[in-house]
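The same subunit A turns up in both complexes below, where it pairs with subunit B and then with subunit C.
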Partner chain A sequence: MEIPRHWRLNQQRYGLVGEVCPHCDTKIFPPRDICPACGQDAKTTFAFSGRGAVFSFTTIYEAPTGFDETAPYTVALVKLEEGPLVTAQLTDLGEAHPEIGMPVEMVTRRLRSDGDERGMLIYGYKFRPVLKPA
Partner chain B sequence: MTTTRPNTKLLIPAKPVGIIGYGAYVPRYRLPAREVARVWVGGRTSGLPIKEKAVPGLDEDVVTMSLEAVRNALKRAGIDPAEIRAVWIGSESHPYAVKPTSTIVAEAIGAAPHVQAADMEFACKAGTEAMVMAMGLIGSGMARYAVAAGLDTAQGKPGDALEYTAAAGGAAFIIGPAEESLATINASYSFVTDTPDFWRREYQRYPEHGNRFTGEPAYFKHSTTAGKTLMEEMGTKPADYKWAIFHQPNTKFPQRTASLLGFTPEQIKPGLLSPVIGNTYAGAAIIGLTATLDIAQPGDRILMVSFGSGAGSDAFDITVTEKLLERRDKALKTQDYIARRTEIDYATYSRFRGKIAMK
Partner chain C sequence: MIMTDIIVAGIGQTVVGEHWDASLRTLALQAIQAATQDSGGLKPQVLYVGNMLASSLSRQAHLGALLADYAGLTGIEASTVEAGGASGGAALRQGYLAVSSGLADVALVVGVEKFTDVIGPDLEAALASQTDSDYESVHGMTLTSQAALLANRYIYENQIPAGGLANFPLTAHANGVGNKFAMYRRAIGLDVYTKAEPVCEPLNIYDIAPNADGAAALVLTRRELLPNGFPHPVVRLAASTIASDTFALAERGDMLWFGAAQASILQALQKAGFTLDQVDLFEYYDLFSIFAAMSLEAAGFAGRGKGWELARDGAIALTGQLPCATLGGLKARGNPGGATGVYQAVEATAQLRGQAGQNQIEGARLALIQCLGGPASIAVTHILETML
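Up next, the complex of A and B:
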């Protein structure tokens, strides 16, 4: 059981909430309170748009414990529109094949259960191909 | 100051209320009814209740689907989520038996912590139940905005009649003052009796139903009485409404209710989605409303009647305002989700829905 660890990450995981540096305007994800660009304090929260593009990806067939129920799945490095690179699963690919540069958008999905079927459910960001009006 | 309520069966808020924003969600996977027929009745395809139903992916549940529907509603509403004072989610498939769906949704949209949150349950009318409660909260002046949503990942026993139709999806609304609304809710009416047509006991995976008993004494009695009484009390007739939506457990039931009440097939057409997404339970009537709002024009009057087993119906009299035109393109439309479609077979469906015993 790792309740506090997951609970502390609710905001950033549910809504892709990071930080913005008040000194140089660098957008930071995950939040780390110190700006990686200018080294000064950066504690202002910033909600990312969730839009980005696939920077690189790989498909996992032998999943780590807790993720085996949804394998195989694709994990990508997603370059967010605002700058940061985040690691996340791709979802709802359907017939689409992931490719570098593919535009994606953030959705909140069920990541896994903490332990067995009695454990808490952990929700967080994944990315799907941008869904356009029909 | 005291106000005397008129002697009416209607539920009319003291201050006028309406829909500020609306959003739908339908997952991408579709299980054709003929696939269920192939596995369970030797492929007999006569009399199938729908064409296909929407199935949630492995990482989807009522929390994740509610979130996307509510986020779509917020895009249209254009309000600060911190101004929302209630998040009410109706469903019969909340992921936890104990722990609210609504707290997760409230946190994720930025409505927490100054907010009321609760999960509603009333079979297929849990979504409209949340809407009526939100009308009360806003209409009394207690709060400015409330979220009312209804979504399900409905359960159907393998091989049962309900497995053809038990689907996933739903809709969400931001309810607020009428002057900010894209559609005003003029009144609602609720008709409820103790009618045991469908239920699921605690710890049971699948619901039980009364077969033919689910028709006349349950669905038809409640939905037609609710629609008829609302119109009587409002002094309206079917021709006064441009559009109508009835709870849609299959294709035929809402068509028959419409016909019994005197509505034409054209009036129910934009909101009749069960043939292509199935019965989304708590989402079924209200996703018909979002699809209708997607095409409605200012001045159009809409009648919506839900039905929940157990049993009851909520009926709503709604009028579209000018604000709909500037807001509806701000989020994906119901038909955008329906057009996004990946067909799956019964084996994939069994895996997605956790019907394969792993231990």
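Up next, the complex of A and C:
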């Protein structure tokens, strides 16, 4: 069940909360407490906007346990507008074909199911194409 | 300060493949016995086991004691070294350190992996445990999809034509024909590659090395301890290095550059006092075609974004300027997980001794071998040299 392992990541999973370096202003996701740019302490939380663009993507047909029922699915590296890259699935693609540079925005979806009907459902961020006004 | 030469005194390996009849320990024993015999019966004081996934695939941990016991070596120092796909190379480095420090006279290094007891989603999940659990595999990422993300971006940024990476698997398969320990011993044509269905776009099945069972072993000692009448040309380990890079792919500042692969090769060349143009063969880590291309670039054999051209132009063939994957590489010899780095050392030693049969690189004296963990989050490099 591993409930604490997922519970302690709720802020990141539901709110895309990372950090900002108080020394060099680098935006950091996921949080790691040491700035990868300047090497100094960086524990100031920072909520990302959830907007970005597809940096690279692929589709998975042979999926690991916990994902095999939703295969095929598309995973991507999304370049957030604040700077960092984040690994996530693309969702709500409909008829659209993903492409590098496609603008996307964060949504919250079920990431995986943890076993049988009594297993845990794990939710977190995915990205969908930016909705255009009708 | 190393005052003596570290010699690869014994080599042994099993055929790489689907060994339904053999377990982790029986495979390891076959390789250990072959290497020990090849060394003239040297007795090890230490055993380092390179393995990646036995805990999940074989429900077996604690391989050091298990294999020392099973090989009739109870009493000696024994432990497991794990560094993802580079586990075998990392175990070899531990053997090198033990013998070069003088703390051991003879070290036994065995790499072993038993993939085929688990198939389907459970195997994919075990493999995915090598990615970042909290930020990659929880999103359904796999090792193969990491490579596909790299390849997609590489092709996009460098404007690689369709099929531009094809000659990596084609060369590997051509070389596998002459290796009796290889999983695949049949050459494939460009049409076969071109017609293959994508597995994880832009990768097709020929861009991905097959997971398979296998074990390989090495006996290391110092030159003055070689038995009288040692029957082989003497091959030494001239350098041994490991470097690391960011763990998750997304956190790498420059994704299309294998920084750890570069650093470990630069350090190895510097320590051994060699330059790239002295290298006679390169056993790179072609778990995926894109890894081979980026490894050639990181090593400095090709400019950034140009590694694929060495394959296209035939430079990596047995008869080319820089023979690579000379006994099939991961693609055709097969990918025995944590045993891979040990297989590479066995193969390089065979080449440098002149024992590579129809795949022999004439006059080969210097071999560069490199294995990677994850998308080069770890890179282990060794240089082997024939002694005159």
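What we mean here is this: the second predicted complex is superposed on the first by the 134 of 134 C-alpha atoms of A that agree within 3 Å, B and C clash if a C-alpha of one lies under 4 Å from a C-alpha of the other, contacts with A are read in each partner's own complex, and residues count from 1 in each chain.
One rule holds for everything that comes next: contacts are C-beta pairs under 8 Å (C-beta built on N, C-alpha and C of every residue); 3 or more make two chains touch, one makes a residue touch a chain.
Worth saying up front: this structure is predicted, and the values here are computed from it rather than measured.
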(message) Using the superposition on subunit A, tell me whether subunit B and subunit C clash or fit.
(response) fit
(message) After the superposition on A, what does A:Leu121 contact: first (subunit B), second (subunit C), both or neither?
(response) first
(request) Taking the C-alpha centre of subunit A as the vertex, compute the angle to the C-alpha centres of subunit B and subunit C, in steps of 10 degrees. (result) 150
(request) Kindly classify A:Leu111 by the partners it touches after superposition: subunit B alone (first), subunit C alone (second), both, or neither? (result) both
(request) Could you look at A:Thr87 and tell me whether it touches subunit B, subunit C, both or neither (first, second, both, neither)? (result) second
(message) Applying the document's definition of touch, where does A:Phe46 land relative to subunit B and subunit C: first, second, both, or neither?
(response) neither
(request) See if subunit A has more residues touched by subunit B or by subunit C, and give me that chain. (result) C
(request) Using the superposition on chain A described above, determine whether A:Ile60 touches subunit B (first), subunit C (second), both, or neither. (result) second
(request) State the minimum pairwise Cα distance, in Å, between subunit B and subunit C in the overlaid complexes. (result) 12
(request) Enumerate the residues of subunit A that count as touching subunit B in its complex and touching subunit C in the other. (result) 70, 89, 111, 126
(request) In the complex, go through subunit A and note every residue touching subunit B. (result) 10-11, 14-15, 47, 69-70, 89, 91-92, 94-95, 107-111, 120-121, 123, 126, 131-134
(request) Can you check the complex and tell me which residues of subunit C touch subunit A? (result) 120-122, 124-125, 127-128, 132, 134-142, 144-145, 148-150, 152-153, 156, 199-203, 246, 248-251, 253, 255
(request) Would you pull the subunit A residues touching subunit C in the complex into a rising list? (result) 9, 30, 36, 55-68, 70, 73, 75-77, 84-89, 100, 111-112, 122, 124, 126
(message) Help me check something: in the complex, which residues belonging to subunit B touch subunit A?
(response) 28, 57-61, 63-64, 67-68, 95-96, 99, 104, 107-110, 332-333, 335-340, 342
